[in-house]
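Listed after this line are the structures, all set down as structure tokens.
In the two complexes that follow, chain A is the common piece, with chain B as its partner first and chain C second.
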Partner chain A sequence: MSRRPLVLALAAMLALGSPSPAAAYLKFGARVGETVVDVKWTAASLPYFITERGVPGVDAFQFRDVVARAFATWTAAEAETPSFAFQGFTVAAPLSSDGRSTLGFLDRPDLDRVLGATVFLLDGNTGAILESDIFFNTRFTWSVAPGGEPGRVDLESVATHEIGHLLGLGHSALGETEVVGDGRRVIASGAVMFPIAFSAGSISDRVLQPDDVAGLLQLYPAPGAVTRLGGVRGRVTRAGRGLFGVHVAAFNPTTGVIIGGFTLGDDGEFVIAGLEPGPYILRAEPLDDADVEGFFSERTVDIDFGVTYAPRLVVAPAGGTSAPVEIQVRPR
Partner chain B sequence: MQVLLTACLLVVAAAHLTATTYLPASFNQIVAESSTIVYGRVAGVRAAWSDDRRTIDSFVTVQAVDYLKGARGATLLFRVPGGQVGDRVMVIPGVPSFREGDLVVVFLKGATPAIPHPVGLAQGVFRVIPDPRSGTPLVVPPPIVARGGTARIGRGDPARGPVPFTAFAAEVRGFVEGAR
Partner chain C sequence: MTARFLALALALVAVPAADGAAQTGQTAPHLRPGRPSITVGGVVSGGYPIGEAAADLRQNVPGTTSPPPFTLFRTSTEMNRAPGVEARVAWPLSASVAVEVGGAFSRPGLTVSIDGDAESPAVTLDDSRLEQYVIDAAVVWQLSRLAIGPHARPYLSVGGGYLRQLYDDRTRVETGQLFHVGAGVRYWLRGGQGLGRGLGLRGEVRYHVRREGVEFAGQSRRYPAAALSLFVGL
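Moving on to the complex of A and B:
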């Protein structure tokens, strides 16, 4: 039997017939043999090192402090995440495959347009994480100014996003872009885990949004949250057939909060958990404005349909999930 | 109700402007930054440790069907970070992965003798899939506006969707020739 571990969306787990229901947030999995395992930390504490290297405007000590704040942002959320323990500085750069999880600056001219990235080294037999490094590309100018600096990328914002990946979260599709002149820019986003960078100088991604926390709770559930929060579930179909990779946004008209998810199997089913109890308006939309590769590996997604709303309000009950709702979409 | 929800979504979202990881490129930027744009079928993928054994890269061989910019020959090799060597797997979320047989259009950066890489990683990779009814190769194009134009990119826009590869190729060549 060939073994071909790959990064997959959780979708793969469903496609392979996992018996356990799964929420619709994207998280990472690795295929081991015929099964897919979550790429997530199981230890209570995660030791990490910082590369002893600065860049203009950011020295290694400032880098250490910013990273600590970004870790604290995630650990402060209502979830049972591992604790993160700074072990010291190292001369080793990120991506050193040395068994240590290392964060630091790295010159990667080949990864043009990539501000930072999280890299996992896995055991190909078990899917266990051996280490996870995060690098920040020195091709960009960075800032640690409390209020941000025009023209400079906010290190804490990018670190917060990348640590979300390190925890096992995939990308969120809660965001919108526009093309202006010769460029493309983000005009709105509802998640730190939205993959596209906002303009340099923005510090918005230092703060988690409900979508981020909902995803985190899926990976690291806290008992209190499980009983307090609820979820919605349903299926997106076209001509009676389930669709894969449909983005479903759950909008709470009372609080204004939006949390997104995806249909993650050929049956078109989705579950969006981590919701405050109450009524939700559900909207299914095609992922046709994004780089799908940044969301799903190995799969193409269904996009031949228009934005469609659920036929009724769906109520998320505390400690449970709603009755299923079917969202029937039509070809464009 | 639809209008109301759309308005609510925009208002709420606009109050929280965020995003990170990579800088988005417009389509004409992707075309301009590409030294080679190839349409072809993946003939093989091989992963290897870097010379210093620090990282794993995957080397993708493409059997070229057509070049939309910068022809390189019947086959072409490019690389993406990550891959599996033995029992070690290096994965980088958001980096495109390839399998033998995949039909793709790849926008590549890097001049010979360097091994090129996709422009902006996932931003420079487009899957080609056959129309389930006619078999016509289809591509989902990125948001495209004329040079100097402005357009908000909404999901489910009826004017957008999969297009035949030939139409996509003509669009790309239009940018290459500076016609747009």
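Moving on to the complex of A and C:
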């Protein structure tokens, strides 16, 4: 078995914008031979350690408790996630490649806009995660207050986001931002996995949104989910050519749930799975609510088009995907 | 929409009434107990809304896990007026009361309107078609004492049944219940007063209450319908 450290590090939650918009659940992928496989845990249990270091306002025990709650938030979702087991405190800092998954605070003054980040060690033969560390940047002031604290970043919200990465989820693009100074401020978001954090004092990302759960179900499908849930598919084009990197949101007018996906090929095709069966309204939008590079670092993404809706309702059947629909966008 | 159906209903009643005024004194047409009849014709169902919805995100508000919503866009959806066909078999229990079972088919369209999107003008999506099937039963009471002519008699009906709606790609089915009260007129072109087989026209207006089916807001819906058909006694 060969092991190689991964370079997916990104998985950061950004305090004030900067790179990375995202699509509703992007998943991390690792190239194994000629194919790209999902980065995910295959073990049933995931032991983890906590760095025995606190910061002003958060001691190691509080940190442990917050992390346990964040893990519990993900395991409460109806998916076949691994179980998480706290093993104890460690003096090792996160990001050390020691075969142990470690979460803790770390001084990263060089990442002055990054609240936290997740890194992986993968099995080079299968793409399975062997180790994953999460650090929380001491450059910020943190809070574990139940109702949040003005001016302090809520540790549980950021931990919930980073644990989503630890499970293999990428960022979601379900959100709206505005440019403030040289960064971005989140106006609203539809996923804990949106790449830019809410303002300090916010605690709403302690609670998963449907987009997060849909992504989780893609990686760790619950028994029966494949036959119970459905998907929609289609293609986004401009002047007849497929567009890569378009964010497509699927809105169910019956449930009010909105879940996103991306076009992930030059043909502009997309599939959004994990949907409750029923009718959906599809909305294609450019990735212009954060910097594109954080999601598609090796690709150019066209954002010169306006928001466009699919021309008709699209129906997700149970256990299958819809008939394809084409969304034709036009330059702004 | 409702006004149109009411106007049609009045017309259906008014025509036989004028005819009857000129031919008073003749025997009233009636149902023939134990002798079924078949009715085949067309029906037009009125349109009605099936729900409004908002695509909401979480607003950036500190201190709460349930922040107020930020609406990305809003939708409203209508089930459009649709023509259809229906067939019914009636079994008279007496000269004035019959039970009927029948079925209907139509292809109503769904129109989705979207607005409130800061990044897009308001749009209306292309109609999505449904295949709609109804199987129902009704009790029909002919008002034999309400004379509106020698060939025509009004009636009332009440019934209910099963609704089945398929989206146009036939990948998803929604089912529900459909209830109605109605009023109409039978106009005998032949028979209705003796032993000969009856043949005639039948016009009816109905008020439907629909539960479940394709519905985006979890509500019961009400809508009118009008039917015109040919009936023949067996």
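By definition in this document, the second predicted complex is superposed on the first by the 290 of 332 C-alpha atoms of A that agree within 3 Å, B and C clash if a C-alpha of one lies under 4 Å from a C-alpha of the other, contacts with A are read in each partner's own complex, and residues count from 1 in each chain.
The rule we apply is simple: a residue touches a chain if its C-beta (ideal position, glycine included) is under 8 Å from a C-beta of that chain, and two chains touch if they have at least 3 such contacts.
For clarity, every value in this text was computed on a predicted model and none was experimentally measured.
Judged by the touch definition given at the top, the superposed model places A:Asp289 against chain B, while chain C stays out of reach.
Of the two partner chains placed by the overlay, chain B and chain C both lie in contact with A:Val307. In the superposition on chain A, A:Pro221 contacts neither chain B nor chain C.
In the superposition on chain A, the chain among chain B and chain C reaching more residues of chain A is B. With both structures placed on the common chain, the touch criterion links A:Gln209 to chain B and to chain C. Once the two complexes are laid over each other on the shared chain, residue contacts for A:Ile258 go to chain B and to chain C alike.
Look at A:Gly175: by the touch rule set out above, it reaches both chain B and chain C.
Look at A:Pro47: by the touch rule set out above, it reaches neither chain B nor chain C.
In the superposed model, A:Gly57 lies in contact with neither chain B nor chain C.
Of the two partner chains placed by the overlay, chain B and chain C both lie in contact with A:Ala188. Contacts of chain A with chain B, set against its contacts with chain C after fitting on chain A, overlap at residues 174-176, 185-190, 198, 202, 204, 209, 249, 251, 253, 256, 258, 281, 283, 285, 306-307, 309. Here chain C touches chain A in the complex through residues 51, 53-67, 69-70, 72-73, 75, 77, 110, 112, 114, 117, 119-120, 123, 125-128, 167, 169, 171-172, 214-216, going by the rule given at the top. Taken together, the chain A residues at the contact with chain C in this complex read 147-148, 150, 174-176, 185-190, 198-204, 206-207, 209, 249, 251, 253-254, 256, 258, 277-279, 281, 283, 285, 306-313, 315-318, 320, 322-323. Partner chain B is touched in their complex by these residues of chain A: 4-7, 28, 30, 39, 93, 95-97, 110-125, 130, 157-158, 160-162, 165, 170-171, 174-192, 194-198, 202, 204-205, 209, 247, 249, 251, 253, 256-258, 281, 283, 285-289, 291-294, 297-298, 300, 303-307, 309, 332.
Interface of chain B with chain A (complex): residues 1-2, 5, 8-14, 16-29, 33, 53-55, 81-82, 84, 86-97, 99, 109-110, 117, 119-123, 125, 127, 129, 140, 142-145, 147-158, 160-162.
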